[in-house]
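Labels run A, B, C and D following the written order; every chain starts at residue 1.
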Amino acid sequence: MTRVARSPFVFSFRVSLHDTDAAGVMFFAHLFRHAHDAYEAFMTDIGLPLDALIRAGKTALPLVHAEADYQAPMRHGDRIDVEVRVADVARRGFRLSYRFLDATGQSAATALTVHVRVRPGTTGAEALPDELAAALRARQANDEPA
Amino acid sequence: MTRVARSPFVFSFRVSLHDTDAAGVMFFAHLFRHAHDAYEAFMTDIGLPLDALIRAGKTALPLVHAEADYQAPMRHGDRIDVEVRVADVARRGFRLSYRFLDATGQSAATALTVHVRVRPGTTGAEALPDELAAALRARQANDEPA
Amino acid sequence: MTRVARSPFVFSFRVSLHDTDAAGVMFFAHLFRHAHDAYEAFMTDIGLPLDALIRAGKTALPLVHAEADYQAPMRHGDRIDVEVRVADVARRGFRLSYRFLDATGQSAATALTVHVRVRPGTTGAEALPDELAAALRARQANDEPA
Amino acid sequence: MTRVARSPFVFSFRVSLHDTDAAGVMFFAHLFRHAHDAYEAFMTDIGLPLDALIRAGKTALPLVHAEADYQAPMRHGDRIDVEVRVADVARRGFRLSYRFLDATGQSAATALTVHVRVRPGTTGAEALPDELAAALRARQANDEPA
């Protein structure tokens, strides 16, 4: 949960015993849980914590797509740095990309999540709140490429 | 998710790869997830599905206590039968007990959950709805002892 | 966990309370857990249960890619049918596609997993065991298109 | 994952969206996942990281009992401090107790885990390795009472 002050945003975690399966390595689906933890920490970093957004009741940001590519196994006890970058900001949604780096800086996995803005209780995507769109674009402009 | 028509109520599942950890056996916390799945199936069986109760908005049944004892490891692919019994019905809550049996009928684990009735948006426990108390007591009277 | 004898293979489950999050709908990452449960049931259906394959020690089938598209929220208590199809069989791996259908037959989500064959303890993909390749191709030939 | 240098050992985390369920609060079983994360951090703190112990192949420390009491709901975004104390060290096992404190220092939950030492591939508990027993006793002597 530590975070280094640089661009891109970096979220770190250690692979827990419960992240692994009987094959001895991280179960693939748990990568998405960690990607979401990185996303939550990123949202807090840009000043718009997800829990506050959800409680305010005007904005939900459900995922409409998620994907991951796995390059190397992650094992119990490994420390992983997740780089989070703003890949795209559109009128009604945005894309975040993630790189999971092991202690030697090698990429163990990459992931992508696509979010749209929905107003709870209604259907259909709406325009992102201005403050969120601005914060995402500012971050995107500042990110080093992956 | 199959269920045999007898007393006690039995909920069956197969140990998935993601239930296990790098030590090769079911991670202890996942037992509680399966216990809750068994509880949800039990509530449906007594005619009071938990999702309908929660949506109706008058009754939440949060756990105030949970415990488990682990007697034997459960491995990937094992078929487990979970016996669910009503251990106790009180004015404002109830206790359920669970036995996790392997394919040979040996006990791999036991568990206990204690639930109280809360009215969403208020604090403090309240009396169980009559229909729920009656259904639990009827089941309790009918259960063979563990 | 029931399964209807037809092509494609169908795996059914009910959305548990622990599948949902505070936004009231299934947390996106849990879809991949259910996809893997469907994959495990599929492997058992074609006569090659994953737990037996892993224990035999010659074949692991790690995922190198996973993705999902979310069309409609899945809620606590919803019964979901997962259709599993063999999308592609290559020399050293295969692709499975999944459709998550709600009780009205509408698609709530789709997913794709890409698996390669690895020999535990070595690096690099190897040819699929003949028996597995044959079973996957037979199923693929028999599947109705999505 | 930050940790304050004092006794008892403290492990901190933030309640993620995926920790919660449709009732809006942390799903009870996830408390045990966080307790295990706290236990892993504790083991690293006393110089005996669990992943290294497991990989060395001579010592597994499976849980034979786990329990929790829930006093107050934990919500998305809440920061929780988990105090970990050595409750008991016996010849072949040990007990750890956990207090989950919210940002105001109120107890939201308590938990207990009981571990025994097993030699992988054999059955029956064995004496704790001397180094582990000594480290646990030293910590126990140093802990402030809960």
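Observations, loosely collected:
Keep this in mind: a residue touches a chain if its C-beta (ideal position, glycine included) is under 8 Å from a C-beta of that chain, and two chains touch if they have at least 3 such contacts.
All values reported here derive from a predicted model rather than from experimental measurement.
Interface comparison, C-D against B-D: more C-beta pairs in contact at B-D.
The greatest centre-to-centre gap from chain B, using C-alpha centroids, is found for A.
Mean C-alpha positions place chain A and chain D at a centre distance of 27 Å. Distance from the chain B centre to the chain D centre is 24 Å, each centre being the mean of its Cα atoms. With centres taken as mean Cα positions, chain D sits 34 Å from chain C. Touching of two or more other chains is recorded for residues 17-18, 22-23, 25, 27, 29-30, 33, 36, 54, 75-76 of chain B.
Residues of chain B that touch chain D in their complex: 22-23, 25, 27-30, 32-33, 35-36, 54, 60, 62-70, 73, 120. Residues 17-18, 20-25, 27, 29-30, 75-76 of chain C are the ones touching chain D in the complex.
Note for the complex: chain B touches chain C at residues 1-2, 12-14, 16-18, 33, 36-37, 40, 49-52, 54-55, 75-77.
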